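Common to both upcoming complexes is chain A, partnered first by chain B, then by chain C.
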Partner chain A sequence: MKSLYVEGGTPLHRITVRTKLVMLLAASVVLFFVTSPLVLLPIFLLCAATYFTLGLPLREAFGRVGWVLFAILILALATLYFDGARQAAAMALRIGAVVFLAAAITATTAVSAFMDEITILLQPLERVGLVRAADVGLALALVIRFVPEILERYGHIREAHRARGLPMRPLTLFAPLIILTLKDADTIAMAIDARGFRRQ
Partner chain B sequence: MTTRDLVLIALFAAIIVFLGIVPPITLGFIPVPITAQSMGVMLAGCIIGAKRGSLAYLLVVLMVAIGLPVLSGGRGGLAILAGPTAGFIIGWVVGTFVTGLIAEKLVRESQTGGRQIAGFFLASVIGGIGVVYLLGIAWLAFVTGLGIEKAVMGSLVFIPGDILKAAIASLAARAVIVGYPLLPQRA
Partner chain C sequence: MLQRSEGTVLDIRFADCAVRFGDKTALFPLNLTLTERRIGIIGLNGSGKTTFARLINGLVKPSGGKVLLGGLDTVTDEKQVFGKAGFIFQNPQHQLIMPIVEEDIAFGLKNRGLKGAEITERTAAILARFGISHLARRRVHELSGGETQLVAMASVLVTEPDILILDEPTNQLDLKNRALVARTIDGLEQQVLVISHDLSLVEDFERVLLFHGGRLAGDGAPGEIIARYRELAA
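Take a look at the complex of A and B:
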C-alpha cells in the first residue's frame, strides 16, 4: 500500500504535523463563519495554489481530490437551485478551500510523522488506561500486512468458483473469505504473545 | 483487551480495506454494480460485535487520516475527512457500534437460521443504513446549509441498493456464525 505522501522541500513539508493540523482545524472553524464569496475566493485560490504547487503531477493531483470535488459540485448545484448563487458560491469555495488545504497536508506529511503525533495525542488516554499507543501501531501494522494476504485468498476463492462452474455471488465469495481470514486470529494472537510484543 | 481481540480488530479492518479494493460485483438481476465497502459496517457489527467492530472502523478512519489510500477507489487523506461527506465516515463508526449492539441482543447461537438472519437484517438496516445516513445527512445539511429534508431527498436514491447490501450482509453474517462464531464472545 503506497501512502499519499509526496517527497519534497516546500515550506509545508517543513512545518510540524501539529502546526499543520491546528492550521486545518482553525481554517475549517474560521471559514465556517465567513459568508461572503468575495472574501472566500482569494482564500480558496490560495489553498488550491498551495496544493497544486506541491510537485504532484496534475493528473494525480486532480485524481486525489476528484471525488470530493464532484460531491461539492453536486451540492453546489443543489444549493444554487434551492438558495441562490451567492449561497452556492460561498459553500463551494468554503468547503473547497478546506479540502485543498487538507489534501496539501496529507501530501506533505509522512505516515510516520502522523503516527508519532498520534502516539503523543493518545498519551492522556494511555494514562487513564483506555488504549495503548503501542497497540494502535501494532494493529496498523497488522492491517497493512494482511490486506495483500486477503486479496490473494480472494483470488483462490474465485478460482475455486471457476473450477466448479459456479457464478460469482457476493455471498459465496465473502462468507468463506471472512471465515478463513478471522480463523487466523488465534494463530496470529498466539505468535504475538509468544514473542512478547505486548509485554503482558 | 486481549491480543486475540486486537488481532480480530486488525483483521476486520483489513477486510474493510479489501472491500474497497475488490472490483464492484454485478448481481444478475440488477444492472448497477454494488460497491462493497459500505457493506463493511453491517458485516463488522454482525460478525465481531459492537465494540470490536467499531474499533475496526476507527482503525480504518485513522488510516484515512494519516494518508493511506484505504477507501474504495484508492481514496484517502484528510481531504475526505474535511469534505462534505465526512459525516458518513463518522457514521460508519457509530453505525457499526449500533449494528453490533442490536445483533448481540437479538441473535443467539441456539436460534434457528431464519431468526438469526432476521435479527442480522434488522441490525444491519437500523445501524448500517439508519445511523449511517442520519449522521451523514446531518453533517451534509450542517456544512452546506441545505435543509435536512433536501439532503434526505438526495440520499434516498441509494437506499434500495443499501437494503440489498443489508440482505447480503445478514446472509454472510449467518454463514459466519455457523462456521466460526465470534459474536457471542463479547470483547
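Take a look at the complex of A and C:
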C-alpha cells in the first residue's frame, strides 16, 4: 500500500486542490491549440522541472512516469513516420508537459484532500440525484490506495510460482489475484461501514 | 502507557439470535446477555466466533432473532450501533483506508461530521494518548505489525465508541508487539470484547465464551473455559 504523495513545502504543495485541478484542465485545453514546438518546448521544460524538483529521488520520479513517457515515444515515432518531425515534436512535447504537470499535482496533493475536493465538486450532481458525491470521493481514494497493493500481491503470486517451479500462465497468475482481491474487497467494504462511512 | 479508567458498560443481548449463510448455519439460536467490561471469545477456526462478534456491531445481520446493544437493535438502529461499537479486523491493514496515518485517523472523524480544527486536535490527542505521535505522517504500509495494530485501534477509538471489539488482535505479531497490544487493551477505558487464539490475552478477563461448531459450548470464568477449550482441541 503506497501513497503517491510526497512531503514538501513547494509552491505547488501550498496551492489548493481546486486550483491545481483547474490549472491542469486549463493547461490540457490550451496546449491542445498550441502547435509550435518552439512554444511548447519551454512549457514542457517548465513542467518537467516542476516535477523533478519536488524532492522525489530521481529513480522513483522516472519510475512513476516511465511507462507513459515510453508510450509517448512510440506515438511520436508513429507521428514522425506519418506526419513529419514538426508534428511529432509538438505532440510529444504537448502530452509530455501535461503528464509532468499531472504527476506533479498528484505528488503534491494528499489523497484525503483529493477526496474532499471531488466530493465538493460533485455536490451539484448529488443534488439532482445522479451520484452520491462521498461515494465517488471514497472510490477514487480507494483506487489510489489499493492499486499498488494489488501490484504487490501480483508480485507475491509470481514469487510463489517461482518457488514451486510452476510456469507463469495468465490463468494461474490472474485467477488467484482476482479471487484474493475480491475477498479482501468484502472485508474492506465492511471496514468502511464499521468506521461509519454510511453514517454521513 | 494508557491508564485504565472506568467507562460506560453496555448490555449486549442476544435473543434467539441465529445466523445462516445459504444452507450453512454459522451460529445456532443463542440467548445470552453480556454485561462485563472484559469479555474473551475463544474457539477453533470456523467455530462462529467472528460471526458472533460481527453481530454485535451489526456487520452481520441475524437470520433469526435479534441483537440489542445498549437497548439498540443492530438491524433497525444500525447507524447508532456503528457509533457505539468500534471493530478492529483480523487484518488491520484492511481497515486503514487512507495512506497516511493521520489522514486515516481523521477519516472516522470526518464521517461523524467533524470539521478542520477539531479533527486536527482530536487526531493529535489520540496519537499522543497511544504514544504514537511520531507516526502521524508515516505511510501506513511502512508500519510494523504492532504499529499497524495500534494505529487501527487509535483510528477506531478516536470516534469514542463505548465498546471495542477486536478480532484476533495479536495474530501474526511477535512477542514484543503482542505484549504491547495486550498492555494497550488492558489500559482501555472502553468495554472490550476480544476474539483470540492467544489464550494468555483473555486469561485475566471477567468472562470467556467458548464457541464450537456454531454453538456456545462454554461460558464462564477464564480458567474453567480455557481448560474446556483445551479438551475440545485435543
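The working rule: the second predicted complex is superposed on the first by the 134 of 200 C-alpha atoms of A that agree within 3 Å, B and C clash if a C-alpha of one lies under 4 Å from a C-alpha of the other, contacts with A are read in each partner's own complex, and residues count from 1 in each chain.
As a working rule, a residue touches a chain if its C-beta (ideal position, glycine included) is under 8 Å from a C-beta of that chain, and two chains touch if they have at least 3 such contacts.
Keep in mind the model is a prediction, meaning the values are calculated, not measured.
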Quick one: is A:Y5 in contact with chain B, with chain C, with both, or with neither? Answer first, second, both or neither.
both
Once the structures are superposed on A, label A:H13 by its partner contacts, choosing first (chain B), second (chain C), both or neither.
neither
Let me test your reading of the model: by the given contact rule, A:I118 touches which partner, first (chain B), second (chain C), both or neither?
first
Quick check on the superposed pair: does A:R195 touch chain B, chain C, both, or neither? Answer first, second, both or neither.
second
Looking at A:S28, would you say it contacts chain B, chain C, both, or neither? Reply first, second, both or neither.
first
Tell me the contact category for A:K183 with respect to chain B and chain C: first, second, both or neither.
first
Given the superposition on chain A, which partner contacts more residues in chain A: chain B or chain C?
B
Once the two structures are superposed, pull the chain A residues common to the chain B and chain C interfaces.
1-3, 5, 111, 138, 142, 144, 149, 184, 188, 192-193, 198, 200
Over in the complex, which chain A residues touch chain C? Could you list them?
1-3, 5, 7, 110-112, 138, 141-142, 144-145, 148-149, 184, 187-188, 190-200
In the complex of these two chains, what residues of chain C are touching chain A?
54, 57, 59, 79, 82-83, 86-87, 89, 91, 93-100, 103, 106-108, 111-113, 137, 139-141, 155-156, 159
For a test of understanding, state which residues of chain A touch chain B in their complex under the given definition.
1-5, 24, 28, 64-65, 67-68, 71-72, 75, 78-79, 82-83, 87, 91, 95, 98-103, 105-107, 109, 111, 114-115, 118, 135-136, 138-140, 142-144, 146-147, 149-151, 154, 167-171, 173-179, 181-186, 188-189, 192-193, 198, 200
Touching chain A in the complex: which residues of chain B?
1-4, 6-15, 17-18, 21-22, 25, 27-28, 34, 36, 43, 47-48, 59, 62-63, 65-70, 73, 75-85, 140, 143-147, 150, 154, 168, 171-172, 175-176, 179-180, 182
